[in-house]
Structure formats: C-alpha cells, structure tokens
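Per-chain numbering from 1; labels A, B, C, D, E and F assigned in written order.
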Amino acid sequence: MCLGIPGEIVEIKAGRDDLAIVDVVGVRRAINIGLLGPDQIGIGDWVLVHVGFAMSKIDEAEAAATLEMLNGLGQAYTDELQALAESDIS
Amino acid sequence: MCLGIPGEIVEIKAGRDDLAIVDVVGVRRAINIGLLGPDQIGIGDWVLVHVGFAMSKIDEAEAAATLEMLNGLGQAYTDELQALAESDIS
Amino acid sequence: MTTERTAGWAERAVAEAEATAERESGRLSPEQQVLQRIERARRRSPKIRESRITLAHGAGGKATHSLIEGLFVEAFRNPTLEELDDGAVFSVGSSRLAFTTDSYVVSPLFFPGGDIGDLAVNGTVNDLAVSGARPLYLSAGFILEEGFPIADLRRIATSMAAAAQRAGVQVVTGDTKVVQRGKADGCYINTAGVGVLERPVSLGTAHIRPGDAVIVSGPIGDHGVTIMLARGELDIAADLASDTAALHGLVDTLLDAAPGVRLLRDATRGGVATILNEVAQAAQLAVIVDESSVPMRPAVTGACELLGIDPLYVACEGRLVTVVDGAQAEAALAALRGHPLGDGAALIGRITADPPGMVLLRTAFGGTRVVDMLVGDPLPRIC
Amino acid sequence: MTTERTAGWAERAVAEAEATAERESGRLSPEQQVLQRIERARRRSPKIRESRITLAHGAGGKATHSLIEGLFVEAFRNPTLEELDDGAVFSVGSSRLAFTTDSYVVSPLFFPGGDIGDLAVNGTVNDLAVSGARPLYLSAGFILEEGFPIADLRRIATSMAAAAQRAGVQVVTGDTKVVQRGKADGCYINTAGVGVLERPVSLGTAHIRPGDAVIVSGPIGDHGVTIMLARGELDIAADLASDTAALHGLVDTLLDAAPGVRLLRDATRGGVATILNEVAQAAQLAVIVDESSVPMRPAVTGACELLGIDPLYVACEGRLVTVVDGAQAEAALAALRGHPLGDGAALIGRITADPPGMVLLRTAFGGTRVVDMLVGDPLPRIC
Amino acid sequence: MRFVDEYRDADKAQALATQIAALCEPGRQYKFMEVCGGHTHTIYKHGIEDYLPESVSLVHGPGCPVCVIPMGRVDDAIAIANEPGVIMTAFGDMMRVPGGNGSFLDAKAAGADIRMVYSPLDALKIARTNPDRRVVFMAIGFETTSPSTAMTVLRAAAEGIDNFSVFCNHVTILPAIKAILDSPDLRLDGFLGPGHVSTVIGCRPYEFIARDYGKPLVCAGFEPLDLLQSVYLLLQQLAEGRCEVENQYTRVVPWDGNLRALEAIGQVMELRPYFEWRGLGFISHSALRMREEYAAYDAERLFDVPGVRVADPKACQCGEVLKGVLKPWECKVFGTACTPETPIGTCMVSSEGACAAYYNFGRFTRQRLVEATRV
Amino acid sequence: MRFVDEYRDADKAQALATQIAALCEPGRQYKFMEVCGGHTHTIYKHGIEDYLPESVSLVHGPGCPVCVIPMGRVDDAIAIANEPGVIMTAFGDMMRVPGGNGSFLDAKAAGADIRMVYSPLDALKIARTNPDRRVVFMAIGFETTSPSTAMTVLRAAAEGIDNFSVFCNHVTILPAIKAILDSPDLRLDGFLGPGHVSTVIGCRPYEFIARDYGKPLVCAGFEPLDLLQSVYLLLQQLAEGRCEVENQYTRVVPWDGNLRALEAIGQVMELRPYFEWRGLGFISHSALRMREEYAAYDAERLFDVPGVRVADPKACQCGEVLKGVLKPWECKVFGTACTPETPIGTCMVSSEGACAAYYNFGRFTRQRLVEATRV
C-alpha cells in the first residue's frame, strides 16, 4: 500500500505543470507532481511514485552516499575475508 | 398485426372489472376487457383478443348461423354429388 | 433542414441487383423468369449486409446461415466443416469419430421440464447421436457472471451430471471463466462432445432420394414455447414443459429397425421448418409436408396462434427429424413409437424431385404453400 | 440502534475450526504443531464459503480451485476428469486421444501481439500439446453480443484461421449464439480440441521425482501485463506484446530431445506460481525455485513493481513449464533454446522431497520464502 | 380451438369451392381486393387460392399496418429511441421494418433500448417499473389497434404515470380504400372488408363504396372458410346484380361497431390533416395524432424528431401492387433486390404484405404447387 | 531498475549480515519493530530474515493501512456503495478486506458498483466521465497517502466537480506507535521507521520515541539492503549506547518532510478526536476526517452510514501480535480459522499484515527454509 517506486521524469505536460510522465524501466504513466512544486522538478529527475503522485525527489548524492556506506561495509567484510584467507595461508 | 384470437373468459379479476383471464386451448393470459363494458361480459363468454384487449364478444348464435350456412352450402354440394351419383346409376 | 432524402441502402440494393442481373431467356414463362431470378438471388454467395450483429444472427434462420457461410466457413474453410452437419466426422487411427459443440445461453436458466444444465448435455449428446455416433465424452465450459448464486450453479451442475449419467457420457474436461457483473446473464455453458461411429450407416443429405419419408419423433415446439412463456414477459401461462431429452437411445432403436435412414437431425433452433429447408436445399429435392400430420400439443397451437408465430419454426430440444427410405417408413415409425421418447412419432412428409430446393406444405385446410427459411428472430434465446 | 455487533461469519469460522481441531501431539515442536494445523486445514476438502460467484473464482487461484473441486468435480466425478490435467486423455479404438476445452473472455478483444481469436486457437492447441497430443481438430463456439461489429468478428475469425493454419489444426465444427446487448462483452469464444497421442511418453505429476529440473520456455508475464495495460484503465504504457503462440512444435522438439519429460504445462491463468503449486501438491514434493533464474522482461518487472503485483502469478499464453529428469535438464534446455519459441528458456528450479506440497523460492536477494497458491484476483480477464 | 377449427374444414371448403365455381360467369375474370393484411396472411398461410377457380383472383390491399409506415417515421422513432434514458417499445412486427438508415433491430444492435411488447399495456407496465426512464410506445395499426393505445393512455393518465408516451402512427382504413378507388387504373369487382377493423367501426362506414363506387363489399372473417364464404357472397351479389355491404363475420362484427372503442379513440386522438402511406403517398385525413389534451403523452411533442421524408427507390412498384394493377412478381425488383430479408418496398416488409406473403408462401403458380404436393 | 537493483545485491547483503552478527552482544536477544506494512512485505518477499542472526527478531507493526480498517467502516463503505447511483472506488488492496458482512468483492458480486483504481485521481476521472453518478473514493492509508487524497479533493474543487466525494479513513502513524509504546507488556529494542510516511512527515516527529521512551529509531528504505542497513544502524546505536532518530533513507526522506504535502492535508482534513484501529482499539487523535469547508466532498456527511462497530472475534489475538507480544503462529486460530482466504483478524488481511506475510511467505522456521532451498 505504501508502495513507492522510483521513476524518471521523461516529460512534463505542456500547460499542466503538475502533470508529468515517469518511466520505470520502459513502463510509462502520467503522474501528478503537484506535491513537489513546479520549479523543483525537471526532465531527467528521479522521483518516488505513490498512488499516481510524486512524493519526493530522489537525491542522487544521498543515494550514492548510502551505496558508498554499503560498499564500505562490504569492503570491511571483504577485508575481513581477505584477512581470514591470509591468516589461513600464513 | 390485426391478429385476433377467440378466447374464453375464465376469470374476472376481483376489484379490477376491466381485467380478465382468457383461455385459448389451455393457454392463459390476463387481458383488458374495458372496451366491452363490465356488464356485457361474464365467465364462459368468448371474446376476440387483440394486443391484450378484448375487442368484441363472440356471438354464439351468429357463429352457429354462419356454420349452418356453410353446412347448407356443403349440403347443396353433397346433394349435387348425390344427384350426380344417382344420375350415374340410372 | 432537408425534408426529403432517399434511403442509401435501398438505392444500393437496387443498383446491385441490376448490375448482377443476367439476361433472362425470352422463352421462359413470366413465372419461370421470376423463379429463375429468385433462384439466382438465392444462389448468390451469402452476403452479410448488416454492419453489426443483431439478434436475428442467432435465431437460426437466414441471418444465421449468412453469418456462418459468409464469415465463419469463409475463414475456416475445410471439407469437414463445410458439411455443416450437426457434428464433424473424421477418422483417427481405425476409428471414425464425431465431434460437436454448442453454447447454451437460454434465459431463464431454469424452466419447466429442465434447465440450462441438462439442455447443455442433451443438446450436445443429440448432435453426436444424429451424426450416427455413440456419445462418449463431453467437455464443459462455464462463463459465469460475477454475483451468480453458487446454489444455482450447484443445481445446474447437478442436473448436468444427472443428464450425463442418463445419456451414458462423462464430462471429462472443463473450464470456468468469471466475467464482470453486466457482462453475461448469470451462466452460459458450452459443451463439446466426442462420440464414436460404430454402425456402418452413412448419413447425410447426399443419400436422400425422392420417395423417402420424413418423420418427426414427437409433438413439436414444446421447448420453444415453454421458454418463451417462462420468461414471463408475455404474461402468458400454459401447462407445458420443455421436451429436452437425450436422443441417442431413440436413434439406436431407429437405426436397428430401419437401416435405410438417410439423415437424422435434432430439431432445435429454427425448428422443423429450418431443418427441412436445409435438407431441401442441400439435396436439391423438394420436401412435401402434410400439415395435418404434424404432431403438436394444443397449448403449443394456442400460444402460437395468440402470438402469431408459426410453430414449424419453434425449437424442440428432444425431437428427432429423420428422412428414411420410403419403403422402411412404417418400420421406422413403429420402432420410434415403441420407444418412450418416440411414442408421438409421425410421418409428416415425403421427398419429391420437384420443385428442387423447396419445402412445400399441404395445409390442413387443403391448400398448399411454400415453407421457406426463417427471416428474423421469432423467439429470444431458447437454448 | 445497535452500535456494536459481532461478525457472524468470523464467529462461525472460529467455532468450526475449533470443532474440527484434532488433538495435537505433545511431542511436536511449536512450529511442527502449527504446520500440522495448517496442513490439516489445507487438506480439508475444498469448501466454497461464498454464496455468490466473485471475480476471484475466475482468477485461477484458490477460489477457482475450490469451485472446481468443491462443485464441478463433485458433480461430474469420474477418473478422467479427476486428473484435472490440461486435457482429458482416453482411448477410442486403438487410439489414445486428448480432449480439452477453454472459453476465452479476454478484454480487450484486440491487444498488442494478438487478439481473442488467436488466443482461442493457441490456448486450446497448447492444452492438447501439453497433454502430449498432436492437436488435430478444434470446435469454435461463439457467444456474440447484439451490436458487435461484424468487421471485428471477421477480423477475429481471420486471425483464428491463421492461428489454426500455423498450428496445423482444422476448425471442423462450430456454434454461434447471439445474446442481448448488455449480456456479454462483444465476443466470447469457446474452443474445444481433439488431439491424438502418438508418442509413448507418460506425462503427469505421478512421474515427478526429487532431483527433477523445472524449466520455463521463455520470459514470463508478457501476456498478462500486456492485457492489463491494454485495458487502458491504469493509464500505463509499455512496449510489450502478448506471448500468445501455439506450443505443439516446441513440445515436439522437447520430447525428441528429452524423453525424460515428466510433465508439461502451459503457464496461463495463475501464472508459473500456480502451476508449480499444483505440481507440488499433486506430487507431494517440494519445488525449489531460483528467483534470479526466472526470465522476465524489464517492462514486465517495471509494471509489476509499479502495481505491486507478483509476476510469478501473471499469465503467459505461449510459455511452457516443464518438469524434466534432472539428468536431461541440459538436453531439454538446449532443445528448447534451439526453437524460435523457446530461445529464452531457462532452468528455474528443482524438485526436492521436503517440504512436501510446498513451493519455495530462493530470492534474488539471497533469502528464502514460500510461494503459495494465489488468493484473490490480481488481474481482470486475461484470457 | 373453438371458433377456429370449425372454420378450417377442408370438406366444407371443397363444397364452397364448387359453389364458387358454379357462380362464376364463364369467360369472365373476377378481381377482389382483400383490404386487410391479416386476410392476405390467411390466404397464403392456408393456401385458400387453391379453392378458387382461375377466373377469380385476389388483390392484396393496403391493410398491413406495418407495411404502410413510411421510412421517415421509422427514422423518427429511432431518433426518439436514441434519446438518453428512452425505452422504445413496439410490437414484434415493427422490429425489422426498414427506415432510411436501418430498422429497430439495427438501432437496438447499435445501442438503443428497444423492447418488444405484446400489448401497449405491457409498455405501460415497463414505464411503471422504470420510473427513471422515459418509455415510448411505437403505436401502429388501424382502428383495430388504436382503441388499445387510447385505453392505455387513459390508464396512464388515471394512474398518473408521467414517463409514458405514445409515438402515434395509427392510420384509418377508409381514406386508403377511397384513394385506391379513386385511382384511374384500378379494376376491381369488389372488396373483402377488414373484419377486425370492423369490430370497431362496424359495417356502416363501407356503404359509400357500394353506393358511390358501385363495388360490393363483404366484411370477412379471418379463418379460411370465412374468406371463401365471403368470396362466395361477393360472387353471389354480382350474379344477382346486387351491390351491397354484407357482413359475413357476424359472430364477431356488430353492424354498428364498438361505441366504447370509438369513444376512447375520439377522446385521446384526432385526425391528422394528412399522413404519408408508404407505397400510396400522402392521403388526407388518413391517420390519427394525439389530442392537445394528451400532449403530455405525445412523443411527437415531447421529443425533437427529424421529420425527414424518405423516398422509396424509383424501382419500387408497391403503389401498383397495392392497387392491384401489378401482381407482386411483376415488379422488376421482386425476389432480387427486394426480398423479405432486405425489403426495399412496403409490400415486402411483413408477412402480411402482398409481396412478402407471395414470396414466402406462394411464389409458384397454384397449379404447380398443387401438383407438386399431390404426393 | 535504478534505485532498486543496487539495493538488492546479495553480496552486499552477505557483507552486512557479517557486520550485523558482529554487532550483536553474545547471549542478548534483540527485538526491533518495523512499523510499516511495506517493510513487512519486503522482509518476507526477499527473505531478509535469512541474513539476521537468531538473536535478532523483527516484530511486525501496525503499519498496514488496509489491515487497520475496522470491520464497521467496511460495512459503512458498503452501505454507501449500495446507495442508488453510487460508484465506489478503492485501491485493489481494499477489495478483499472483510467487514461484518463480507468484503467489497462480495458486495460487488451482490450488485454494488465498486471499481478498483490505482490513484485517487483515477476516481476523480470516473466522476468526471460519469456526471450522472455519485463517485465515492474509499480513502485509506497513512501520511504517505493522505496528501494524494487531499490534492484530489482540491482538484475536484478547482474543477467544480460536484459528484465526487471521499469516505475518509486516513490514519496517522504516530499515535499508533505511541499506543504500542504505552502498552505494559511490550518489549522492543528499537524501531525501523516508516520510510514513505517520512517523505511527508520527515524524521523530526519520531524524536519523542528516542527522547521519552528511550528507543532508537532508524527511518528505513524499502529495498532489502535498506532494511538490513537499518538493522545494522539500530544495533550500532545500541552497541554504542546511543538512542537517536537516524535516517537511513536519505535519498528519499528529507529530515523535515514535505511541507506542501502537509499543507494539502491540513487544508482539506483535520484530526478526529478518536478512531478505531482494528486490533488496537480506539486511539485518540489517530485519524483524519474532512474539514467542514470540504463538507461537499465528505461522503460521511453526504450519506447515511450505519456506523455500527463490529467486534473482532474473541479468539483473535491481533493486538498481541501487533505489539510484538505474540508471534503470528502463536495465535490459536492462525492457519486454521484465520487464513488469507478467510482472514478473521486484521493481521491476516493483506500481504502487508504480519500474519498474512508469515502465512504466505514464511510459515517455516528460517532454518528449515534455508536448508530446503539449498539444492
């Protein structure tokens, strides 16, 4: 129900600045972007779509940061595995 | 379209003196008898039914008279045949 | 505003008829010329003039035939289908099989004498039986309308099962679809049937000869009139019940007694008159029917008179029409009458050579008339 | 006015469960006790709780199964039907025949990749093919709504004919009914099919063994998602087309290469998940599926994510699910991939002994979960 | 069936046939018009002509109420049926009658809610049970039928049903007969009078036919013996040099008609100044419309109708057939462009129409039919 | 899928799992509640628990918007749907939710016109194209969804559409969390905060949970790695002795939420004094109703609803499950009387409900599942 899906804004409807088309891996639907404000959003932006409304603009920098943290945790894990392997060898 | 079928009045609806049930060889339907007047018609009478209305009460004496005339013509025919046959023998 | 115009469709029909008109031979009598013209028009490949399906396309008469021949046969063209018999007959391995289908959309679903369930079994069993086959297996496809009472469905399935058991067939495969409320009328059923031809008989209009007898297995029109009255819209009541029944046993009895059976049909949608017209046209012979010999219950007569309907076109669901070698007519009649489903059997007509393709009726009054294919739709959804 | 009451149905359900509860063995772990309780509840003969047909009864999930087993099988009971396979198999003379039926009520009638016409041919051809039969003959029963454009009907018949020709089958018998406007949705089609079993293979859930491989012949869900989007109500567009296709050639190829095929199914209504549950329950074995191996087009994934639908339950109309002797899995895959209709084939899972009757999924994320029978109706009228 | 079977007796028919033959003057040709479509139907349905000598021929008149409806009126009715919320009701006979753009059946297929009724009272019942819809009754028919429509309107008024109206196409038979009598190319020896119309109007109104036009008329019943006897009575008048209005159908038709029925008509309807009859053109004072007082029940007032006249195709020779100048099969398009499936002329529309009756039931010379059926 | 696939990587999950395990104090049991039903769904759909050590368990909270609708409100909605001319619209999830007398699906089967929509805007579109019908939107959901309803009402008002109304059942998440926190038998170590609700309300409103109740909360995204990472962050706080509100879902959730969305809600709706939550009972100020100013769009004002409370069966232990006191399968009717087909308790209603998720996707111990799938 609280289902939210990331989609890319590929079109903003002429004359209706609260209407946009989002693309989700090739699937398109018109959504309402009125909750985000007309200036906040442009073509190429990614938004979170819920029941036909864009709820939030996806912050690419934050997304990258999260992934980096996950990679970091992953790195720590890899390091540990490596350490384990090395300790094994030694 | 001007189809009219003779049917027998088998019931007059209580409280609705313009409604009756007719029977046509076992087939029954409610019809309106308002065109005939309430006193003119009773159970056992035969009427001519057209589009759900009784158009006319069938006059049994007249029906018999017509049949008699037809029988008469038939008799004349039989007599003639007879005459012919007799003339043959003679 | 225009206050007068012409009817485009009528002008086109006239123009078209003129364009395709062939020169008439000067030596023909006026009557012959007219008949020749009519024959030519009748022979023209059936043309669907309407742009939309109307109820007439489902009534079993001319519109149905045009649709089947002008659209379906046209699309699916193959020799087995082109026979347009009640069942398709083909060989698999060493067996000859019959295969048939019918959808049942009768309204109301329950009626005196039966319901859509036994109708769906009997109808398909009968199409196999009149193909000369022993009915073996049925399929059952249900299209149910959202909201349909499950108790009604159970009642229908139970009566299908009972009918199947009576007919000695098994429902071996099925399908159920549900459509939204307002996209059906409670319950539609399709049954298809497979049977095996075990007798050496050859049935078909090709075998019919002048002198053959036309027999009907019992009073006609019970089913169609029952359904019409059961709908309640006409406010007409009569003590009638559908004749729905499985006829394979009756067919067996008949074929045992009269191997000279040329053709079998169950007189469903379109009634006896439609079957006889199909026979006459396919065989290019005449069928001469004796009106006073056609068995009919008084209430059927009464309802038809009241409604201005010709009972010859009213459906039965448990009556056989058969064409039999004239020499075996009596044997056939006796056999039918000895079976509980054929005790009202009657010889109603003969096959003659002339006029080819026509059904003629000797009226009870002693006159004569043509009985043609049905135009239009006399009865709503009787099967 | 009462301002509080209880829900009768819920109280009854609790009372009923309590009444039928068996004593649990004290030696079982809490988990085992719960599983035992659930198993008992699942084994109970399917009960139809509703008083009316709902769309869920046509969705292919639990409600459909309850209706079929609790009503139709109950009424028609016979060993052939009770197999509940895609087609019924029986012998006539020296031949083994397959017989099947399906009604098609898809909306819209025309959609990217096909229409109700080729769907009606392919679907029934496929049910014959997965029964191991060579499809031979089809019947076609049309239920048409008054007002249906004849041009559309012609288009449908033409595409049926083309599909029949491609599949090498003939439409040999048919039926046409017309119902009043508002009593259908344009055009419903029932097809039944007859095929002959010429190979010595024995197909069926009884042949399935632990270690067998589960293979799907191509990306799943194309048909269901295409139909859902084609309805236009969701305002969603994607570049997708139905996968409708006749699979008998693909089946031939497969059976040539891998005689150790245990079971064939076409993944229609209810999708791959439904088939796998049927397999697990009938064989009382487990099916272990690897999510990341299940082939799926990105647009299908996208549409399903957007709508919150599980693609494992979405219908295909041209995809085979097969269970194959594990030793022949590679040969089977290679054979399927060599055929144009199987080039996207993938091994998606394995059969194991435990837990019996269950389908488990190893998720792409590396987790595990149960994949159960579908409850409710995810998609409206997709075939 | 009582009052039916007695009049279908083949033996009596044979006897009558002999008497009829005996009445015919050798060498003389007789042409009688049965005015009523119901008669036409009976004649073909029972094969009555088989009992008539070659010298007596029956000409099928304009009395088929379905056939005479001009195409433009069908278009108007369909326009009403297509209005939002309308349920159009009509007798089954109307369903296939073509207008300029198809029939009721076609309009129904295209989406209009058109329902068959057996009686106008059934239409009123539909109005009663569908208070949110506007129910229109497509009223057609001669004096036999117009009293039923009138009674139904009176009942609607009495019950205060305000969603019921009538699209009135009732016609009156006498002006049509007069139009035929006035036609210069006509040659008729007498009329079989419309029995069921006469239950309402009685026999008196026909007197001008005998008096002013010198043609005898016998008001005839609808069973085959009724018709044969009526032919006998006409021939008898001619043989005896009489020219009168006679009533063969005395069991049903009172000489003075049905006063209550006439009153009902008069209360609800009034004569139109003129009306178009398909095949016959415009005829003065030949049809009924709703009176001002019943405007609330008058679909013609309640709805905007196109009112466009649709001309019959040039090839159509219905006028000549209706006047007895041509036999149906003498029309150039009979059986080719014009068939019961695609009736381009009025006489082909209903099985009571001359051409349709001939096409459906006749089509062969009597002689060929009789020979063929002599198995 | 961008922003999806990156967060479903099994290798990263394995790495996280190791880190999570490392953070767990030996011998200590951890219980975290994911408040949101979407999280419950994700957890089971992806099998996230397989990555968690035995000592960490997830408790499924009250955040399934479909589950919390009391049966009486479903009955009320069906009563509205059964009013003449009404088209009831609802999200697909609502269709099978049982009321005291069956679900929307049953009501639809019995004749009500109930249609699934993907968005409240689709309901408005239905109103626009059916001006003669009264279209009601069954509004359910938390703060994620209420702005959409509010925006739709504002749009209807702007367009002057007067046949559209909302049956408002929107609930607010914080009072429910507070009710759970106030429960005496509760034992939780922290919360996974509802990521999508937080796009609207932000993270600040959760601060009282850390401050007043001493429970850490991590606002979590919906992909499986989001949830694993959030568990990691909770464990890290516990290990480090912190108790804060943290935001894991920074790519989507602004700390201050969405002001426009909050304004839209505030313009159209206001807090109800109290509202019943299925399984939790009445909670003060926990739901929204339409403001007086939008009375014209308020189905509760426009229609007479029965308003009868329907009590859950005594056997139902949803309250305990929702508070984390009982595991779903510990409820006596789990899997017998209460199944996804016939859900007698709220947690069995939608696949986001704790019991349904467990029944559909879980059902076996993790260990048995993992072993079984290790082919």
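Operating definition for what follows: contacts are C-beta pairs under 8 Å (C-beta built on N, C-alpha and C of every residue); 3 or more make two chains touch, one makes a residue touch a chain.
Listed by chain with UniProt protein names: A, B = HypC/HybG/HupF family hydrogenase formation chaperone; C, D = Hydrogenase expression/formation protein HypE; E, F = Hydrogenase formation protein HypD.
What you are looking at is a predicted structure, and each value in this text was computed from that prediction instead of being measured.
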So if I look at the partners of chain C and the partners of chain E, which chains show up in both lists? B, D
Can you give the shortest number of steps from chain B to chain E, where adjacent chains in the path must touch? 1
Pair of chains ranked first by number of touching C-beta pairs: C-D
Please identify which chain has its centre, taken as the mean of its CA atoms, farthest from the centre of chain C. A
With chain centres set to the mean of the C-alpha atoms, which chain is at the far end from chain F? B
For the pair chain C and chain F, the C-alpha centroid-to-centroid distance in angstrom is 60
Where chain E and chain F are represented by their mean Cα positions, the distance between them in whole Å: 73
With centres defined as the mean C-alpha position, give me the chain B-chain C separation in Å. 35
Sequence positions of chain B contacting 2 or more other chains: 3, 5, 24-25
Out of chain F, which residues touch more than one other chain, so two or more? 1, 4, 14, 108-110, 118, 122
Which positions in chain D touch two or more other chains at once? 50, 52-56, 146-147, 234-235, 298, 301-302, 305, 308
Pairwise touch list, complete, is A-D, A-F, B-C, B-E, C-D, C-E, C-F, D-E, D-F
Provide the residue numbers of chain B that touch chain E in the complex, in ascending order. 1-6, 8, 24-25, 32, 34-37, 46, 48, 50-53, 55-56, 58-60, 62-63, 65-67, 69-71, 73-74, 76-78, 80
Residue set of chain C touching chain B in the complex reads 234-239, 298-299, 301-303, 305-306, 308
Per the touch rule above, chain E residues touching chain C in the complex are 1, 4, 8-10, 13-14, 44-51, 71, 92, 95-96, 98-102, 105-106, 108-110, 118, 122, 224, 306-316, 329-330, 333-342, 344, 359-366, 368-370, 372-373, 375
Tell me, which parts of chain C touch chain E in their complex? 1-11, 13-14, 16-18, 21, 30-31, 34-35, 37-38, 40-41, 49-50, 52-56, 62-63, 233-235, 286, 288, 298, 301-302, 305, 307-308, 350, 352, 354-355, 358, 360-370, 372, 375-378
Residues on chain E engaged by chain D in the complex (per definition of touch): 108-111
